[in-house]
Amino acid sequence: MTTKKKISKKDIGKLLGIWSQWFSVLVPSKEENVAKMVGWDGKDVSFLVWYRNTVVPPKANFLPPVEKMFSFQQNRHGYHVEVPQDEQKRLIFGIRPCDARGITMIDKVFVETYEDCYYLSKRKNTVLIGLSCTNPYDSCFCTSLGVKPTESADVDLMFTDIGDEFLIEEVTDKGKELLASAGMVKEATKADDAKAKTVQATVSGMVIRKVDTKDIARKLQACFSDRDYWEKVAAKCISCGVCTFLCPTCFCFDICDELVKKQGARYRGWDSCSFRLYTKMPMENPREEKWRRVRQKVCHKYQFYPMNFDVAACTGCGRCIRLCPVNWDVTQILSSLPASVTSRGDK
Amino acid sequence: MERKSEWEPAIAGFLCKWCSYAGADLAGTSRKKYPANVRVLKVPCSGRVDPLLILKALRLGFDGVLISGCHPGDCHYQAGNYRARRRIALTKKLLEYIGIPEERVQASWVSASEGAKFAQVAADVAKDIEKIGPNKLFAEEGR
Amino acid sequence: MEQELRKEARKLLEEGKVDHIIGFAPGSLKFSTTPLITKEKEEVASLVINRFMVNNLAKFLTEIPGRVGIVAKGCDGRSIVSLIQDNQVVRENVVIIGVPCSGLIDIAKVEKLVGKDRDEIDDIALQGEKVTVTVDGKRKDFPAKEVFFEHCLGCEFSTPQEHDTLIGERVAAVGHEELNRKRIKELKDMAPKQRWAFWKEQFTRCIRCYACRQVCPACFCERCFVEESQPQWVSPVPKWQDNLVFQVIRNIHVAGRCTDCGECERVCPQNIPLRSLSKEMSDLVDEMFHYKAGTDKNAPSLMTAYEHAEAEDLFR
Amino acid sequence: MPITDISQRKKFLDQGNVYLPHIVVIDRIIEETPSVTTIHFNFKDEKLREGFTFESGQFAELSIFGIGEATFCISSSPTRNEHLECAINRVGLVTNAMHRLSVGAEIGFRGPYGNSFPLELMRGKNLVFVGGGIGLAPLRSLIWNVLDNRDKYGNVDIIYGARSPADLCFKYELDSWSRDKTVNMITTVDKGDGKWTGKEGFVPAVLEQVAPSAKNAMAVVCGPPIMIRLTFPVLEKLGFIPEQMITTLEKRMKCGIGKCGRCNIGNLYVCRDGPVFTYAQIRNFLSDEY
């Protein structure tokens, strides 16, 4: 067993200061009351008090809402293409276990078969420092999806709040290195470990929303063609992109060109399966109707993604519930799946 | 006092083909001098000018937009210019509210016989826009 | 009141006067509601009337087929009328169940006032013009005008004018002229450059989730101009320039249709102050053309109508 | 299970950034129908011209800089590799712009992507090609591949239809295939004009009339979704089992490499796991999502 470390909460500013020498440090910050991971100003650690979770998940730091893929210019020899270079070393402090898991899930997609260099270059240059939850929202349901609010294997260092101090677990070697030159980091005692255990139990108990995820993929498969069910479930959905854009595991994107005054560039930006035009082809649209799009969203997370990667593409962060304009609650859907097809099939 | 610069304002001119377009033509053929800043875009009626065209022109970097149609009451399609008037008025006001100088979007009524008026309008609009300088509203990259 | 509403809704379904009921049911979060769209008479038992029925249900009218019974606050009622004016909804197919509303509680404002999130608040109670918020057993009183949505403070039609039945008594809005336009005034006091910088910053945050458009009953276009690809007017990825163009044009498109229900601003996950655009637009429409959206179902819609002499000062 | 193992897929000149297009130059444009043109193109870079390989059934992302990218199957055969060909149906932003290009234009090329037709499985078998409209494009790559290795395969039936005689693609090759004594070529149109002497009728119905034997056979189907949906039941009636039926699907795509999300059919991504599928793989979703 590796020994754990600890640090006093009042030393966090100092620690971030040390890390700032090598990294661009990002911490939870509120801009117009919208919390997201942004560059640390070098002093403010008030997030240690107010921060529950960000509105914009940290996936945005790897797969930004809009990103320039390359710019191009035409000269007499043809096109000249230029790719923006982003070699900045980053450190994200305070990522929650659910969001860290979300990044692991997007990793799987962006690594397999073809490597997505835009995502992976940022990913490789970024260190993740996890921070345990102390006060989960009533919309959180992470424990139903195998995410523990105080533990994470998806980060480099994991900080657990044990009162006046943080217990630090060195999850990766990279994480270990980060602590090497930090004088304020001490060895943790058995008592600290025990405290952390208590915190873990307490906080897990605070996650009150539960979903029985066993068998969900099978149930979804069974009711895939149950049009009546999906129409009912989809009725109040307004087909906006809030749930998908702010989901820590959603990764869909669109690619488009821009040409203004002979300066051209190709961009990519978030896209959502909730949008009607997402799958629109000139003559056909396989998901023209709203219920098909809602079904796709649910099935992708809990049936299709697990078929490809053996795990549901949901971390129970609850953003889709908290932020939905019409309170469309996925946990209610998952709990109400019909056991078998009861209505007319499709088409 | 003012330093003479290379810059010349580029103005997107949406001209109704039944009146202002002919007016501009007349201005040209009768050798009325008007600045060459107005890039003329022929539209079937001032009512065709969707606010989107106005904003898109500014987005693309035009320094100003001029919409010109038939005088009220003279629309070839009865009421196209009346409807344009409401739309343009609201667009102008809203753009002003968000911080686009009012000089950038201008509108006029010019009939087919008013070559002189068109030349005057074009010159006035160009002068207005020269005063406020090039349109850099959308130039900044940002995110 | 809720009992009366449920009885009315059930009756409408039972008597076959409507095929669907659209109303509010309790939401799955504290102090929330969720739209209830149902054909089942058992389900109307969950209909509620409270201070958190935020959605503008008129949004669903254009997609629910057949005859519909719809719960409508003042602003929803105006949106329904506006849809009738635009021939999107047939009056005879709608049974409007009017619910007078003196104002809705803006949970975000409460959160800010007490420094706690929605789920950490024990209770929010409205009595007259006083709102009592209980956190950790401690009660705090606030005047209603401090916790109501801004648009509610500017509400002119708290009881829907157009209705078939009315649940409860007519009420007056808890109005507050100054707070209603406070942010707009602040913007108008700025220099144009500052205003532009302000909006540029706001729209830099926009992620183009289209929640504002999707939640809006006035945005009923089959295909939005931002989705046009030939030509592509607006880039589909959220560059601030295109975000701004999108929102400005959207506001012009809904001019004369926007009933100031405030939904666009409420649902924005990036807290972009969209009402500062839409309210100013409504004001302009009123000032210049003496038109208030959704107040006369027989009137032609704003952009199809005209007077012989108007706005002439803006033309050369 | 995908027909070809993805992990084994050959990546063409792996360059790190898969989203960067190579420049290709259009060297010929052929008008196929009023709405379809075929472009012939080749890499600007000589090394790429020499080194590029692909297989029948694969597709590419072509782009016009400043307009955007779109997905096209490669309609030429790897057995005739002097240049590449794509048939372009004028339907959207990019394809309309493609139709405005002229010879010499430089466009972007990413690919080849996707799996390919299972030539090994098809070897020694009788082959039935069923195509509709521009759906002949991917089949054409395969047909030439087969005809250029004629002795490796059994009988070849080609059933190809379009809405009208004017909408038939690759007319110049349809003739040569029907003259080929080793090929049973049947062309049909929904509605003929005065000059049309061939068959009239929808492709699935004509297929039923022709009734090719399922014995030791494989059927390859490509066309508009409605045609694909109606063709499989006919093949089943003729005795084909789902594993004998192959199709190549078209979906809206952006990345072409299984990232952007939109082209899924269930858990399969058409760009990554397809576009070539057996009916066995997709029949559960076919009625529902395609």
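The letters A, B, C and D name the chains in turn, as written, and every chain counts its residues from 1.
Going forward, contacts are C-beta pairs under 8 Å (C-beta built on N, C-alpha and C of every residue); 3 or more make two chains touch, one makes a residue touch a chain.
Source: prediction; values computed, not measured.
Asks: Take the average of all CA coordinates in chain B, do the same for chain C, and state the distance between these two points in whole angstrom.
Replies: Result: the chain centres lie 35 Å from each other.
Asks: Please work out the Cα centroid separation of chain C and chain D, and write it as a whole number of Å.
Replies: Taking the average C-alpha coordinate of chain C and of chain D, the gap between them is 49 Å.
Asks: Counting only Cα atoms for the centres, state how far chain A is from chain C in Å.
Replies: Each chain reduced to its C-alpha mean, chain A and chain C end up 31 Å apart.
Asks: Could you say which residues in chain B touch two or more other chains, in rising order?
Replies: Expected reply: 59, 143.
Asks: Which residues does chain C have that touch at least 2 chains other than itself?
Replies: 232, 238-239, in rising order.
Asks: Quick check: what residues of chain A touch more than one other chain, meaning two or more?
Replies: If we look for residues of chain A contacting two or more partner chains, we find 65-66, 254, 256, 258, 271.
Asks: Linking chains that touch, what shape results: line, ring, star, complete or other?
Replies: other
Asks: Show me, using the given definition of touch, all chain pairs that touch one another.
Replies: Taking the chains two at a time, the touching pairs are A-B, A-C, A-D, B-C, C-D.
Asks: State the interface residues of chain C toward chain B in the complex, per the touch definition above.
Replies: Residue positions touching the partner: 187-188, 190, 192-200, 204, 225, 233, 238-242, 244-245, 248-249, 251-252, 255, 277, 280-281, 284-285, 288-289, 302-306, 308-312, 314-316.
Asks: Spell out the residues on chain D that touch chain C in their complex, using ranges where they run on.
Replies: 92-93, 96
Asks: Can you list the residues on chain B that touch chain A in the complex?
Replies: That would be residues 59-61, 143 of chain B.
Asks: Can you check the complex and tell me which residues of chain D touch chain A?
Replies: Result: residues 6-7, 9, 11, 16-21, 23, 44, 63-69, 89, 91-92, 106, 108, 224-225, 250-252, 254-255, 257-264, 266-267, 272, 284, 287-290 of chain D touch chain A.
Asks: Give every residue of chain C touching chain A within the complex, in rising order.
Replies: Those in contact with chain A are residues 27-30, 32-37, 55, 59-60, 63, 108, 112, 117, 119-120, 202, 205, 207-211, 213-215, 227, 232, 235-239, 263, 266-267, 269-272.
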